[in-house]
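You will see chain A twice below: alongside chain B first, and alongside chain C after that.
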Partner chain A sequence: MASFAESGPRRPVVESIRVDKVSPGARATGAVRALIVLLVALIMLIPIYVMFATAFKTRIDVTASPPKIFFQPTLEGLVLLFTDRALAAPARVQELQQLEAQGKLNLFEQLALASGQEITGPSPYVGRIVNSLIIAGASTFLSVLLGVLAGYAFSRFNLPGKDDLLFFILSTRMLPAVVVTIPLFLMFRQVGLYDNHIGMILLYTVFNLSFSVWLMKGFFDEIPREYEEAALVDGYSRLQTFFKIVLPQSVSGIAATTVFCLIFAWNEYAFALMMTAEKARTAPPSIPSMIGRGGVEWAAIAAGSLGFLIPVVIITFALRKYLLRGVTFGAIRQ
Partner chain B sequence: MATATVESSVTKSRVQPQSAQRQLSDRAIMNLFIWPTLLLLIAFNFFPLFYSLYLSFTNYRATATTAPVWLGIENYANILTSPDLWQAFTTSGKYVLFSVALQTIIGFALAMLVRGKFRGSGLITTLILIPMMLSPVVVGLFWKLMYNPNFGYFNYLIGMGQEGSLDMIASRMFNQPVPNLALAAVILVDVWMWSPFVMLLVLSGLNAIPDYLYEAAAIDRASSWFQFWHITLPQVKPLLLIAVLFRTIEALKSFDLVMGMTGGGPGNQTELVAVYLYRVAFLGQFRSGYASALAYIILIIVIAISNLYIRNLNRAKGA
Partner chain C sequence: MATIQLKQVEKKFGDAYAVKPLDMTIADGEFIVLLGPSGCGKTTTLRMISGLETVTGGQILLNDKNVTWLHPSARDIAFVFQFYALYPHINVHDNIAFPLQAQGEKKELIDERIKQVVELLRIQHLLNKRPGGLSGGDKQRVALARALVRRPAAFLMDEPLGALDADLRETMRAEIRQLQLRLNATTVYVTHDQIEAMAMGDRIVVMNTAVVQQVGTPTEVYYNPANLFVAKFIGSPGMNLVQGQFADGVVQLPGENRYPLPDGWKNAMTRGENVVVGFRPESAHVNPEGKLHGEVYATDMHGSYNMLHVNMAGDNVVHLRADRATRYPIGANIRFDIDPPMARFFNPQNEMALRRQ
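And then the complex of A and B:
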């Protein structure tokens, strides 16, 4: 026995030792399977490539038939997205060309000049992005704050009718946005919260609250109660225990919840469409309305979409450990 | 005055025995932690729903200046006999049925494929999951570009590249209208977005199956087909059910994707229930009373399915 313990495997056996998994035939099927998965993944990513490519195509390349896979990249789409432009008179064009020769024009102005246009100011989309950032940021902060508190209470205390309350909280998330919006629209109009930043922040806070409560409850459920009980015995108050013992242990959970709430608020479309008009309108409902004089500006739409794609891709990778919890409201863990 | 009472209560609790004090403060903390959440939910969900229940029995229009007039159940009677509603429910029904069925099959197949670990499998799995995190309205928009009959990639990829042969969004093929083509286009995008979701859930179910079950089956020379039906499927079933229910709820309330792609058109071919409700409530006449009644009918259906969903969620959590 002792000699086996000494001469046993140095490292843990992680690969399967089943005969049917190491035979050449099994290895070949494994390789074929990996190839199929790779192929499926590539096919699924085609639309994402298309969006990425379209954002950097010129107007002519976007509408080329058959579609171009290789093209000369340009930032024209970004110019269309972020600026308002006007056709410049020939005299003005010459003036601008002189300025360009002197190196006094920035990149966007140069690109606009190439098609005989002059930038007159930032487009309304810039303001929409700012609105999106304000509303998503503030509502995420509020819903995570409230979610942490309520999640802890639901995880640790015995409430009468706890399951019903939790169901009530989650069911608000299950309803189509339009159903809730009809009465809310009338109420908001009465109290002056329609098309108002504060109204939207409150609305998104509530929209994300069910999610953050459920997710945080799941994270708190995983922290052993014994730590807190030990601290309570040592004379800590319940609040001290919460701040000094529980919160430090749930930092990664809070971070995951924050990022999910941020993504939901950033992507949200239906409420924004129905509850805002001009002042507090966010980016998602304004991308579809980005139709120029000469038809749909696909490059601008793709450039705008890219702003939605890039953060999501980064976050998907950063949160891949928590994705399952996130999409099942914290109920299922890996 | 107020500070005095607080102080007196503090001193009172100090003289109380240790355990009683903890119990009291526990209760206070619990209320302090939960009530802000509950108040917000009551103000923004509960109260509006009661308000719209009242509205659903009136003829109120959001654009009108007159007070709502009580109609009784007239709105409900009108809705349930209106062909428009049944049209919307049929469209939604088709949409839910086909998209959820396809997502389940494709998601399951994907999960079986990604199950075994190989070099780079983690990276590829994460790549496959990207679509479901995207904003549906933005997804709808750029799929509209993909489907464009003149310069979209989709037609070229499926070999229908010649000009004017296929227009998914307009539901036309060779300049002839083809029913349900636009709906199929929307379903395809929904499947693209959400199959990874089913995959993610099934995958976690697959990873939880203990290896010894398969080893025992291999010793008994059970065929892999038998193993699939008698080990894999029953073990994954609870999670698969959760995925299907969740997707059903989400597909029923689907709104963003259709708005980004077709806006309900052509005609009303892709007008799902939520889109129809939006049109009644917010476009044209703002028929708030009528729309509230319609909203209540949808609400009852969704609550019934969510109830099933949450019950299964709790069961899977307990297991």
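And then the complex of A and C:
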């Protein structure tokens, strides 16, 4: 039989013949796979859903058994989370009851009546979220900045004792946090860094530094030196070359490092619990401490966890295209 | 343009020499090719001239000014890399503009210069593209444009055609040479490809094991190699080299071959001395009355000629260029002659060429 290549198509080709010829069997397998992935994803998302739902449930709905799937959402949890309350005086309760009879209660007054407590001001949680933002933000900025500079130096220059230094930097991560907490606590108290923003920023920066230095070194290693050399002979100084050539090419590395450092600093619990009390306490250790006040406020806890989740989700989502390269770095050479 | 002078320039890594002390003067507008196998020190030499590598001894003069310890950016030298080193995050226009921006030139001047250089290299249509999407040849043209746009004192090129396929390499070879002649640009060009070196260079610097073996025009290094290394390295295949013994005006070669010395060589060697006879494939001719003989070991048809591999005895295989019409069966005994003026002789001990006396 004459081959296609010799004789050409028998009929004029009006549309491509090789696209979309997927067999029904293959299509079915694809669908089954997608279904399985979807199911696994749903199972994984259950705790997130429970947290999300609990945050908007009333006190009664939270503990209802069997758990309610459909419920009247309320902002009660959020109010409890962000406010401080005190028992309302009997006179005030009566006043509220009268107002209720007239149907003139706003949300806060309804809550006050239901729980017998009145809002006296913002809860410490607000300040702790702010602490978290300050400490996680500043320490992430510092560890990425130092990581970029040190990673570049380790990648490009022949430093004396380079391998030993790199190992030393890595070794700072070898002990689990629990082991170093007590000595650190004693030292921090001694030098006045206990319950101090600067202390916490320092602590998280140092903790993240080994990670960011190694990660950034890996990224810089992947950028061929020739770009810099080309810029050097093109008339630029080392520093200009770094800013004009190296930094733009390492954006994905910087983004990945930023997210990893931020997630650590934002989520860190053990150090924060030990090293802070009131002034510099971050959000993670203060969420479970809400358990202790006037019964377990599950809705408040869930609302706190949810709010706590959001910044990381936003940043991770914003940097996701860099992250994918970040987690697979080294696997692919250009 | 400029002259470049190297005075006893050397580069050591620890105790090992990457380049042994080296003297070289490159004239204004000259195209110099540094040629050698990988690891011979040619690229290191080039990088020392550019300042990307520091010297461990000696001086580099550019236009009689000592630039040995100047930062690369202060040397007014352009470098073209094997893998182009085009900045991937900016488009072609900005890549070409990059060196001019370093000098703080005005935008009008930059645009004017870019216009000239892209016309010269015929890459106007690429200006808005990112380097990542260009073909190898176009990338190299852009890299050349980036080097040319500055009008530097000298061009240094590190195997700029090494990453291109054979066809394109020949085109680009002619393009670079033509540009160089047009601009009268002092150029130092590194390659391991001897054909490229022969085709492009005004002079070739042959290097091996950190030492300069020979400096000369392509004709000189081809016809009068200074030593065995150059004889073998230049040409494809290289020069035929057969070891023998000299006595009574004749060199005894393997397989009962006796090669009478051409005029002028008898005084160059002493009786009983071992010598290596060298000749190019094209200076040997099959001749039924020839003085040398051997057995046909293989034949390669090269289109315009036949390359015969002739075994003189004991694995001493030499290459002869023979006429394409005649067929030489494998195993046949043939006789051949060497063009008397084309025969060369080497001392096998110090590997140096003997000179006619």
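By our rule, the second predicted complex is superposed on the first by the 245 of 334 C-alpha atoms of A that agree within 3 Å, B and C clash if a C-alpha of one lies under 4 Å from a C-alpha of the other, contacts with A are read in each partner's own complex, and residues count from 1 in each chain.
By our rule, a residue touches a chain if its C-beta (ideal position, glycine included) is under 8 Å from a C-beta of that chain, and two chains touch if they have at least 3 such contacts.
Here the structure is a predicted model, which is why all the values come from computation and not from measurement.
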Quiz item: So, A:Thr54: does it touch chain B (first), chain C (second), both, or neither?
Solution: first
Quiz item: For chain A, which side has the bigger count of touched residues, chain B or chain C?
Solution: B
Quiz item: Between chain B (first) and chain C (second), which does A:Ile245 come into contact with in this model arrangement: first, second, both, or neither?
Solution: second
Exercise. Quick one: classify A:Leu232 as touching chain B (first), chain C (second), both or neither.
Key: both
Practice problem: Give one of first, second, both or neither to describe whether A:Pro224 is in contact with chain B, with chain C, with both, or with none. | Solution: second
Exercise. Using the superposition on chain A described above, determine whether A:Ala91 touches chain B (first), chain C (second), both, or neither.
Key: neither
Exercise. Could you look at A:Ile46 and tell me whether it touches chain B, chain C, both or neither (first, second, both, neither)?
Key: first
Quiz item: Residues on chain A in contact with chain B in one complex and with chain C in the other?
Solution: 232, 237
Quiz prompt | Touching residues (chain side chain B, partner chain A) in the complex | solution = 22, 25-26, 29-30, 32-34, 36-38, 40-41, 44-45, 47-49, 51-52, 55, 62, 110, 113-114, 116, 118-119, 121-122, 124-139, 141-143, 145-146, 150-153, 156-157, 161, 163, 192, 196-197, 200-201, 204, 207, 211, 215, 218, 239, 242, 246, 249, 252-253, 255-256, 259-260, 273-274, 277-278, 281-282, 288, 291-292, 295, 298-299, 302-303, 305-307, 309-310, 313-314, 316-317
Exercise. Spell out the residues on chain C that touch chain A in their complex, using ranges where they run on.
Key: 50-52, 71-73, 75, 77-79, 81, 83, 85, 87-89, 98-99, 102-103, 146, 150, 156
Quiz item: For the complex, which residues does chain A have touching chain B?
Solution: 16, 18, 20, 30-31, 33-34, 36-38, 40-41, 44-48, 50-51, 54, 62-67, 146-147, 149-150, 152-154, 157, 159, 163, 165, 167-172, 174-187, 189, 202-203, 205-206, 209-210, 213, 232, 237-239, 242, 263, 266-267, 269-270, 273-274, 284-285, 287-288, 298, 301-302, 304-305, 308-309, 312-313, 315-317, 320, 323-324, 327-329, 331-332, 334
Quiz prompt | Touch list for chain A against partner chain C, complex | solution = 224, 226-227, 229-237, 240, 245, 248-249
